[in-house]
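To start, the structure under review is shown below, and the notes come after it.
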Amino acid sequence: MSKPNNQGGASGFSRISPAALLFPFLFIGVWYVAAGLAGNETTFPSPVTVGKIILAEARSGALFIHVGATLARVAAAFVIAMAVGCAIGLWMGRNRGINRWGDPWLVFFLNMPALVTIVLCYIWIGLTEAAAITAVAINKIPMVAVMMREGARTLDPGLNDMARVFRMTPAARLAHVVIPQLAPHFASAGRAGIALIWKIVLVVELLGASTGVGFQIHTYFQLFDVGAVLAYALSFIIVMLVVEYLILQPWERHASRWRNAG
Amino acid sequence: MSKPNNQGGASGFSRISPAALLFPFLFIGVWYVAAGLAGNETTFPSPVTVGKIILAEARSGALFIHVGATLARVAAAFVIAMAVGCAIGLWMGRNRGINRWGDPWLVFFLNMPALVTIVLCYIWIGLTEAAAITAVAINKIPMVAVMMREGARTLDPGLNDMARVFRMTPAARLAHVVIPQLAPHFASAGRAGIALIWKIVLVVELLGASTGVGFQIHTYFQLFDVGAVLAYALSFIIVMLVVEYLILQPWERHASRWRNAG
Amino acid sequence: SPIRGPIQAADPDPIRIAVLKFGTVNWELDTILHNGLDKANGFTLEVKPLAGSAAAKIAFEGGEADILVSDWIWVARRRATGADLVFLPYSKSVGGVMVAGNSPAQTLADLKHSKIAIAGGPLDKSWLILQAYALKNGMDLKTSTEQVFGAPPLLHQKALTGEFGGIVNFWHYLARLEAKGFRTLVSVNDAARDLGLDPDIPLLGYVMKGDFVREHADRVRGFAAASRAAKKILEEDDTAWERLRPIMKAEDDAAFEKLKAGFRAGIPDGQAVDPDAAARFFNLMAQLGGEQLVGTATTLPDGVFVDVGGW
Amino acid sequence: MQVEVRHKKFGGAQILDWIEMSVGAGEIVALTGPSGIGKTTLLRIIAGLDRDFEGAVTDPGRIAMVFQSPTLMPWRSAADNLRLTTGAERASIDRLLDEVGLEGKAKFFPGQLSLGQQRRLALARALAANPATLLMDEPFISLDEETAARMRRLTMKVLEGRRIATLIVTHDLVEAATLADRVVMLGGRPAAIETIVPITTPRARRDAVTEAAALRALTPGGAGNAHGNLT
Amino acid sequence: MQVEVRHKKFGGAQILDWIEMSVGAGEIVALTGPSGIGKTTLLRIIAGLDRDFEGAVTDPGRIAMVFQSPTLMPWRSAADNLRLTTGAERASIDRLLDEVGLEGKAKFFPGQLSLGQQRRLALARALAANPATLLMDEPFISLDEETAARMRRLTMKVLEGRRIATLIVTHDLVEAATLADRVVMLGGRPAAIETIVPITTPRARRDAVTEAAALRALTPGGAGNAHGNLT
């Protein structure tokens, strides 16, 4: 048992690292220099140009409408996909029979092109938000399921036995035996998941929405307005960075503090 | 320690399950009935229609050219992304300092829309295969890194200490201590990875390639020929099912046989 | 309450059209809306902006839009499979193959062994006509050049940096290239004429479902009239263009002028489409594009071109 | 609690032969036998963790178990490890932690405890569970003699007067003789019951002398020294 | 091998006080002390696994360690667990497996072994490593007396004539007295060396009688019975 130095007892949340706080400056600096070297505002706009576009879009309100619309879709699809995906993944990971029958379907849906699912959802359900979110969820569920299934397979049988012997309730087992072990898988499914979902939402918005970051990015791409494309892409990335540092990482630190304390 | 029933000693590879072998029939059956109920060949072609298109495309040779091209891109991008992503992920998972500085970049690239990376790669590198594969790899690497980082964080410190005390060589540690622990994370990164890569390859082929399944899907999609779109999507899914059952699963069974034997 | 306002006249029935947000059709649609041509012709125009042509097709197939902009070859293909779609001409603008101003190429033959960018994919109609034209003049364009397919804006940008020997793109991209000093090597109109085809057949148009046309003949007729009226304004009135300038996204005056000229050149003459000429055109397309392009239609099916009377 | 194992195999190898034993409520039975004979396997069968055997377990009731390795939830504090498994209340958890010598360590994660402390926590968990059947797989190893003695006393105190059927696996014959009412020795391959030694002295009167006698009775060679002969 | 720990803290709590000891080549030192005092911590410091302390470890050379829990690679067979860590050859692996009573289990995964068998495998690994310093954290627990005695004999045989500095943590004073040349007892909080008892009888001549004498010398109360007093 390794016991790296650390305070005894369980400590709480900690702060955002200075490295993360420095990142925006570092990033903009690198970008500024690179853009200067490239010297082509059309294909490689400088951060100043893009910043101005972001400001202009924000002032007109368009930015918030589109980022908001995309965020709402991402959030809805994320919640659905994680819930359903985790359930399927855990079930398949713990039950060989289910896994044997479900596995080819999982592989099938995992490799179904987003485009096809999206088109079919739009055609069958209609050009509605429900269709968009369903399409994204269908794309994402198999991935979450695959990741959680791997997690479920690695569950410590010793702890499982312990929970059985002491007749822990299903809820307690889930909360105190299963989820802590799955936390790393959950974190990577969540993180990779949001990223994937947002990529799919872009396609969804390309194919059938009149709002959203994806809609804007593709519209500006038609005009080859790289600055505006980057402005929208960046706005969303900023939102995701905020989510990462204000929600995901504190949660993760909290969930894994036993590892660093032990 | 749970000891479910199993043969003593380490057993070898085992066969494809009958459930998997039955899947194609089951799947086509369900599809056939659903298509019959929908009764609209344009938006929901029957398996017979799609099968005929697959056969026709195969006979003309087009199917093999395009599936081959896509497969080659997927394979190249997969190898690059897994190698680089694993290296980055392990490094970040084991080294707090690196992680602190690298983390915002990782989040940034993780949430960079595929479209943006692809377009920029095409602009800066040129409309070449290299640009296509680079674009896909850039899209995929952060995801592999995120997943492997989580894996690296869960490495058993006890075994790590053991390896240090007994002065196992770095290669031996990697092969016998690290990789077996990461196998589940590796499997889910790989499986989710191929699926993601192939989704991105579709976008890459949409934007700037002249061969490939994505190219074909988009061409037929312009014509709104859902049958042909499904034919190409399905052909690739079949390839992925074969890869899953002939390569991934036997490897996985082999890698995890200690779990089932113990 | 005792005081009531005047009873609001209900809006006339809507026509929903799915278009690219910054597509050229918007210029006409915007003019219709701005001048109230829709209400004047007994319908309310609802424009659904979308981010891609695929999106528009989905909206149309999914019943979210009544009208879609596409070409009549596709309508014919769909009709052959039993879909009841009809076509109302909108524009005869087509492109051609363009080369950089300083390119030594003077004829198609000079493009031998060079890269040609084709935005519409291997089934692009301009590309097919150019191939037929080259073949007639003793050159196999497909085998003697290297084709690069890709997204139109990307190819446009790459053309500007001189990556291709020639480029075939949608007319508004080509108009922008022209403003940048590119020149047309062979125009599709010339090529078509050389092949004995009627270059005045509008390739692009408004696509509607047959049911819709039959059930709402008045509205469709009104739409056709509004379209006609908008075109007339755009043909004659330069100030109307000044108003459109923001949505045209022209990078400079030169491009603006080229786009204006291009649009005007593409306005159809208003004559009904000659079925024989169309059939000949279709046959050539069927021959060049094969089943991939025209599907099961070997000859032009009946009823592709809608007759709205007074067109 | 009765258990009857007709046979138990792992893969091809038969591990347990016919084994029949019962532990009455309030009774303490010690189970001994060489390492690898199948003691843990038998305990797992009784606990219902291994159902792949021929035979039957009757009336085990609510079970608590001290596993051979501590098997704690590493992500929960020492106190939570007790609370979540047994539902014990704060006060009794604090008292129990005190009694097993973990005072002040309620908030420690298992990884911050020494192995002996983890074992004591696992012992406390089983004692707090208030079971009908208590299975203990070498509960007192990895402890210094004084602590081990304290743990034995604690265990006896908890068991006293309650109607718990207790089965303790131990390699320490003196321990077996002092704690148990009966010592069951496994032997052979596949394993079967070799000897059953009843300890008739009442628990309260067992002391060093009785132990020594018991020890002599138990060890085949009869020598008082059970520890390593190096010569 | 010398170790000098000025102090060692975990978070705020100081665990080890000034501890200075050296183990000469060929010497065997037993380390005892109550559970949770800091024995494993000291071993980890010597092994170089814990560098967060004030002090220094000099000349440990190549180290082998028997960890307090077996710490085997669960995904590698018993034979591979020996081969991959020590580089030993097939023949010597087979012999060693025989000697620790794991004959015929070379291909078993650790999960298929009983805990006692796993511990013996971990012991075999340390013995096969041919180290300059051998650290053993309770190597002979969880074994029946006969097996434990066999393991002790095997260990002494391997150590005999080699210039290995050996440090054995044990709670068993008899074991300490029979094996070691010196017994170091830790005590106090923070822990420091309390007593050092040299065992002067040559190893070959230590038998039950000497042991009993040693035992009396070691246990403060002086009573011959180190086992639990239940009264």
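By written order: A, B, C, D and E. Residues from 1 in each chain.
In the analysis below, a residue touches a chain if its C-beta (ideal position, glycine included) is under 8 Å from a C-beta of that chain, and two chains touch if they have at least 3 such contacts.
By chain, UniProt protein names: D, E = ABC transporter ATP-binding protein.
All values derive from a computational prediction rather than experimental measurement.
Colleague: For chain A and chain C, which third chains touch each of them?
Modeller: B
Colleague: What's the call on chain D versus chain E, same or different interface residues, using the half cut on shared numbers?
Modeller: Same-residue interface.
Colleague: Quick one: which chain's Cα centre is the longest way from chain D's?
Modeller: Farthest by centroid: C.
Colleague: Which chains touch each other through the most C-beta pairs?
Modeller: A-B
Colleague: Rounded to the nearest whole Å, what is the centre-to-centre distance of chain D and chain E, using the mean of the C-alpha atoms as each centre?
Modeller: 25
Colleague: Could you state the distance in Å from the CA-based centre of chain C to that of chain D?
Modeller: 85
Colleague: Please work out the Cα centroid separation of chain B and chain D, and write it as a whole number of Å.
Modeller: 49
Colleague: Out of chain A, which residues touch more than one other chain, so two or more?
Modeller: 1-4, 8-9, 43, 119, 123, 158, 161, 214, 217-218, 221, 259, in rising order.
Colleague: On chain C, where are the residues touching two or more other chains?
Modeller: Residue numbers touching two or more other chains: 54, 61, 151, 154, 157.
Colleague: Tell me, which residues of chain E touch at least two other chains?
Modeller: Residue numbers touching two or more other chains: 10, 41, 44, 49, 69, 112, 115.
Colleague: Touching residues of chain D toward chain A in the complex: what are they?
Modeller: 44, 47-49, 62-65, 67, 69, 71, 73-77, 80, 84-86, 107-112, 115, 125, 129
Colleague: Note which residues of chain A are touching chain B in the complex, please.
Modeller: Interface residues on the chain A side: 1-2, 4, 17, 19-20, 23, 27, 43-44, 100-101, 103-105, 107-108, 110-116, 119-120, 123-124, 142-143, 146-147, 149-151, 153-154, 157-158, 160-161, 184-185, 187-188, 191-192, 194-196, 198-200, 202-203, 214, 217-218, 221, 226, 229-230, 233, 236-237, 240-241, 244, 256, 259.
Colleague: Contact residues on chain C for chain A in the complex?
Modeller: These residues of chain C touch chain A: 20-22, 48-52, 54-55, 58-59, 61-64, 151-154, 156-157, 249.
Colleague: Mind pulling up the chain E residues that touch chain D in the complex?
Modeller: Within the complex, chain E contacts chain D at residues 10, 32-36, 38-41, 68-69, 101, 112-117, 120, 138, 141-149, 152-153, 156, 171-175, 178-179, 203-204, 206-208, 211-212, 223-231.
Colleague: Any idea which chain C residues touch chain B in the complex?
Modeller: 53-54, 57, 61, 74, 77-78, 81, 83, 121-123, 147-151, 154-155, 157-158, 163, 292-293, 295
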